[in-house]
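Order of writing sets the chain letters: A, B, C and D. Residues in each chain are counted from 1.
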Amino acid sequence: MFRPLFRTIPPTVSRFSLSCGKKYASTSTGQLAFDWEDPLGTMDLLAEDEIAISATARAYCQENLLPRVLQAYRDENYDREIQEEMGELGLLGATIKGYGCAGVGNVASGLITREVERVDSGYRSGMSVQSALVMGGIEEHGTEEQKERFLPKMAKGKLLGCFGLTEPNHGSDPGSMETVARRHPTKQGVFLLSGSKTWITNSPIADVLMIWAKLDGKVRGFLIERGEVRSGLSTPAIKNKNGLRASITGMILMDDVEVPEENLFPSVEGLKGPFSCLNNARYGIAWGAMGALEDCIDRARTYSLERKQFKGNPLAKYQLIQKKLVDASTDAAFGLLASIQVGRLKDKGMALPEMISMIKRQNCDRALVNARALQEIFGGNAVSYEYGIGRHVANLFVTQTYEGQSDIHSLILGRAITGVQAFC
Amino acid sequence: MFRPLFRTIPPTVSRFSLSCGKKYASTSTGQLAFDWEDPLGTMDLLAEDEIAISATARAYCQENLLPRVLQAYRDENYDREIQEEMGELGLLGATIKGYGCAGVGNVASGLITREVERVDSGYRSGMSVQSALVMGGIEEHGTEEQKERFLPKMAKGKLLGCFGLTEPNHGSDPGSMETVARRHPTKQGVFLLSGSKTWITNSPIADVLMIWAKLDGKVRGFLIERGEVRSGLSTPAIKNKNGLRASITGMILMDDVEVPEENLFPSVEGLKGPFSCLNNARYGIAWGAMGALEDCIDRARTYSLERKQFKGNPLAKYQLIQKKLVDASTDAAFGLLASIQVGRLKDKGMALPEMISMIKRQNCDRALVNARALQEIFGGNAVSYEYGIGRHVANLFVTQTYEGQSDIHSLILGRAITGVQAFC
Amino acid sequence: MFRPLFRTIPPTVSRFSLSCGKKYASTSTGQLAFDWEDPLGTMDLLAEDEIAISATARAYCQENLLPRVLQAYRDENYDREIQEEMGELGLLGATIKGYGCAGVGNVASGLITREVERVDSGYRSGMSVQSALVMGGIEEHGTEEQKERFLPKMAKGKLLGCFGLTEPNHGSDPGSMETVARRHPTKQGVFLLSGSKTWITNSPIADVLMIWAKLDGKVRGFLIERGEVRSGLSTPAIKNKNGLRASITGMILMDDVEVPEENLFPSVEGLKGPFSCLNNARYGIAWGAMGALEDCIDRARTYSLERKQFKGNPLAKYQLIQKKLVDASTDAAFGLLASIQVGRLKDKGMALPEMISMIKRQNCDRALVNARALQEIFGGNAVSYEYGIGRHVANLFVTQTYEGQSDIHSLILGRAITGVQAFC
Amino acid sequence: MFRPLFRTIPPTVSRFSLSCGKKYASTSTGQLAFDWEDPLGTMDLLAEDEIAISATARAYCQENLLPRVLQAYRDENYDREIQEEMGELGLLGATIKGYGCAGVGNVASGLITREVERVDSGYRSGMSVQSALVMGGIEEHGTEEQKERFLPKMAKGKLLGCFGLTEPNHGSDPGSMETVARRHPTKQGVFLLSGSKTWITNSPIADVLMIWAKLDGKVRGFLIERGEVRSGLSTPAIKNKNGLRASITGMILMDDVEVPEENLFPSVEGLKGPFSCLNNARYGIAWGAMGALEDCIDRARTYSLERKQFKGNPLAKYQLIQKKLVDASTDAAFGLLASIQVGRLKDKGMALPEMISMIKRQNCDRALVNARALQEIFGGNAVSYEYGIGRHVANLFVTQTYEGQSDIHSLILGRAITGVQAFC
């Protein structure tokens, strides 16, 4: 088995050992010292169990994900066993209570997400789809029967989900979707789904496909179980991506795919169905982007200290390079605080979608801008994937774009601030 | 008297009425709604008494400072009664325990600072000098006798202080200061101070001048009491400033000014003396800049909703204008969270100088950048001081520059992050 | 008389002595050397007479305008003799052929403009209004009789003009103007103008007011001669501006002001009337902004070399400061080349309005951004007008805003590039 | 044969047919109209033969390079026949007079470079190495015998060169190079080269390797002919690059490689040898980056017009998208003018290295920034190489980095402007 250590304790993150956590940096003399990995002392805001969960997630990611990402990224390969490993650790659907899920708080969930994306945004995407979009969607919109049927297996990573909303001609504007559902002309209690979805993470390997389609003109949610489908479904992979290559992406092509009535979400109608799922995923992206940025800072800092130019001085002695590190560190620290804040409010039911738009937009934007600036420190070596920075830069462009492109979030927030909408 | 209401209760902010506080915005239907004045729900992080203090400070500032700032700014006039009013309200030296001070926490103190700078950075400067630099310096470095002699009157605003560190040739590099102290050749227990200081807020009107000078080659702190000085001291005002005009600034010219030994800080030596004072002041600036930025957002938002162009649409309908509002709101919300975080750590003795560098630098930089962008919304009207935005922009440039110019903080932080110093 | 030297030669700039011109920098060894004042060797693109004109304009501006700008800016005073001095030198309406004007090319005209704005944007504004907007408008739209009546005296600066287009409620959108003209109910050949204009440079001192008003629903141009007006006209100054203070600005309030028919532009109708004037003015602003930026570079470079901090090193040794100088120099050099290019095309009748939008927008934007960055080099001293940089920064904000705010030019260009209009 | 058309005319670009050239855009009514592909009318600055050369190069690149770049980029494959095709067309070493080279001016040469990079920066890199670095280096530093031996075959693309300067530990600081040459202990007139070079474009396929090495402590230039080498030389390819994948890159590992004396550049010593080559290459990069940026604009503009969102409006109707297009178009137009200016000066021997630093730095910086902004327009589709934009973005990062990273050029220019050097 993959990680026998974790087989002896219940596979929920909430009971992980605390050994990796540190509460605050201090010098040998016991005095407080500046910790470049936590410049604003955010560790002080975390509970013991949150620190423990974060430490466990970090250990798993650094030990088990980091060693395979370089090759996976090159080969555009996604190892679906990762989901099972994450399932064993209790990382999937971690905020869900019951159904074999860990039931942790939103900050703990964010900390996990940050650790996964510290390795690679693609791995985080794979997890987000499973956890936030599909499991989260079933938990929020599904019947009790649907929850019991799907969630426990998904929590273990035995059953993989994907989330079918975006269409080839409708990215930022899902309300114009063309995928339709209609009642089967002859079979009672059966719907027929037709249409195409694209840029769907995990679609080629998913067992359960959550499809948003118009039924009688209203957007509704359906769960296609691949194992039950006899015809009309194909999920070709999209290859040769220039980012997020350690994640598998594909289309979903549906031509009268049959779905039984018990796989329809019973009551949610309109875009609030998919949007509530996206809201959870966006919250996670805000956290994840900070993880990726922190890894860029770490790599750039190390490189700037080791690389010597001109009279043997390290690059770190250049003012122009220090400024890049400082800008990035500041944005990472500020972004982390904002993520924690929204997480705490989310636990209380006080996190509004606009708040999530704000942290998703800002953290993705700043992660990307800073990662690009840090990439310059590596000079020619940046072109080599071995240094990791180029991979993060390419990934972060995608995270800025998906689940609400940055400009779209600007308009969502602009509307919230002014009360006036500026979508054309 | 100025505000009789406050004469009946002890003049400490910690007991202010709570009436102005709101905990969270909600719609008429009881549902939570996005509050553009608090986009990330930071109100939820504040204690009841902090909200009360903030509300009281806001009421005072909006009712008593705002109406006079336009004229004061035009005339380059600073009304020293303001300090007495603030003293009555308990706003001066508010974090100091005892000596007639309010003894509030660092977040409450930051909230006060933010309210003052919401009106004008110059008013905040006047308060910061009194509170953070001079009162804070006496509290930290002074003898018990010095504290009792000065602090109670300063807390009331009856005695004004100024802080003399910067010299004409030494701005970012105070270690090279040229002001010297020497023992009087004949009078026992008397020092003679000679040298010049410049860009000193309040120097022309200060009663107590805290002067940093080299004694036997080491930086030491002295308190000149203007009333006791017979010769050698002049404090000419610097006029025709292009920013911070509602604050009075001047030089301090000293030619063998006599200072008695009891006005020397007994033990602090070197730059850590003035730097610990600056640290407190910088912490306040980080808060204040957010207040100024929030006022810019408020003014720009209102203008964009009221100003109609092209077919009667408000400017707020322009995407390019919405983006400016969103960027500014995001930076204000993030900066506020970071200020609260450092304030909480400061209460625990865990706020490192580098943390304060980080929030001072970032909040000032972002306040300035966003205020400038928002200024564009006003078109030609921005050139008129009546709209307030031009005054904030001019002020914020100064706040970015003083108490550690932004680039200097970059190098301080760069050194902390890399361990390598890059000052030339 | 002001400058007797120029009274002995015809007052046209095209015959100025060439003595101040230099063709290219060279070292003492005769080798070419980098010239920070002309980094891309644009001097090589200029004809001898253009160099001579530029040198004469520079001499006048540095010797006669620079010494008075500091006081004028403080006092918000505009000395109308400046126009007479410029008139004597042939700087007014310099591109107009005949009518006592110099008849130089558009590049020469741009070079003059740059030299004036190198001193102050307000002085350049005063000249632009006279030359590009009013004289240019009369030359383009006026009858032969109007030209002969006004242009020669305007060329001498004896008669001052102003340009009344912008209204209090219609800045970026002049098509919605409310000022109207109607035929006098009883007096034949007389129009009555009513309405208000604001932010009008020189309105309080102008002798000839070019007013754009709707006659029978169509925008038409009228010339009000103040000396002939008996009632209904007032032109109050707008005071307390935070930029462009060496230029006088005011309103034009008209209540049934009588204008004789011979003062109506006979044939131009609609916005193309004022827009063709604005086009010429905007062309000049593109040049002027480069002059202001170049002066900022000069001042910042000198300051950075003279100011020593930390171990006696000049600020110029800081990488962060060098970068600011390099960015600014690059934008100045690129902007100058673009201005020359459009000037050459203008001489051939090939300069499209969109080209002028592009250089006006870009040069103003870059001048402002860089001037602000350079301002940081001065630290606290930037707050003092003596260093000049703060004045340029304040002025350049206005130049970015007027005659087409930057965002408006973005939309004009966006429409030209895509064929789709995005004005709300 | 590849392009028989060109076999019937002399293979020099200077005689290409003019058919593709256009002088200026005009509408059907004969009126001038704004041309988004040439916003500032730079076509007007070009001579007829330059327009013809540009048109021919564009035709070749669009017809012959564009169709293969997608696959080449995916496979990291560089087809060396491209050099032979370019050779047939006279595109290699085009500015060299004699030796079978076209002998065109520097602007014509820049126009060619721009067309090649309009397709792909990697193809331009392959050409630049051959033309500017190796052929240019031989022409400048070589003996007459060396020129005759190498240039004609290189001009035909029959013999490929590479340029070995950068070492694993010395990128921005070649003066610290470790590669050494020593006289063979026994063989008269033979040198032994030892050391390693990295990030060398074309090294794995080059026939002639120009190696810079220290001989008696001084940097000297050597030509290794691969066909003559019996031992000690290997040139492994560097694979898995994240940019410039249509160009082949490798190392050069030398262990006592024998080089005969006649392959040593006779007189050039020190860094001025390689630097004069780099200067020519950098000049070309400034042009090339504009080509890549122009292609990004073209692709983004088309996409924004074709892609509909929200009520069927094209993306081009969004203000936020128009602004990205306008910013990019402006920088492209300005950058092109600056490139032409430096080209004209280069023809006169007046182009200083600092001028080339300025246009290389600015054009690469702006191309990259704008390409990234334009990439956002494509939303999720940007992740697909089919849209081309992601490839340009990845390539342009490399062009910003190589042959003088942007920050290094900032310091070169900062030194030139201030006279103070700020390299640590």
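Rule of thumb we're sticking to: a residue touches a chain if its C-beta (ideal position, glycine included) is under 8 Å from a C-beta of that chain, and two chains touch if they have at least 3 such contacts.
What you see is a predicted model, and the numbers here were worked out from it, not measured in a lab.
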Note: among A-D, B-D or C-D, over half of the A-B contact pairs reappear in C-D
Comparing which residue numbers subunit C and subunit D contribute to their contact, where sharing over half means same and under half means different, the two sides are same
In whole angstrom, the CA-centroid distance of subunit A from subunit C equals 53
Taking each chain's mean CA coordinate, subunit B and subunit C are separated, in whole Å, by 39
Shared-interface residues of subunit B (touching two or more other chains) are 317-320, 323, 407, 410, 422, 424
Touching subunit B in the complex, subunit A uses residues 24, 32-34, 36, 39-42, 44-45, 301, 304-305, 314, 316-319, 322-323, 325-326, 329-330, 333-335, 337-338, 341-342, 344-345, 348, 350-352, 354-355, 358-359, 361-362, 407, 410-411, 413-422
Counting only contacts in the complex, subunit C reaches subunit A at residues 318-320, 323, 422, 424
Residue set of subunit A touching subunit D in the complex reads 74, 166, 169-173, 176, 198-199, 238, 240-244, 308-311, 313, 317-321, 372, 375-376, 379-385, 390-391, 393-394, 397-398, 400-402, 405-407, 410, 422-424
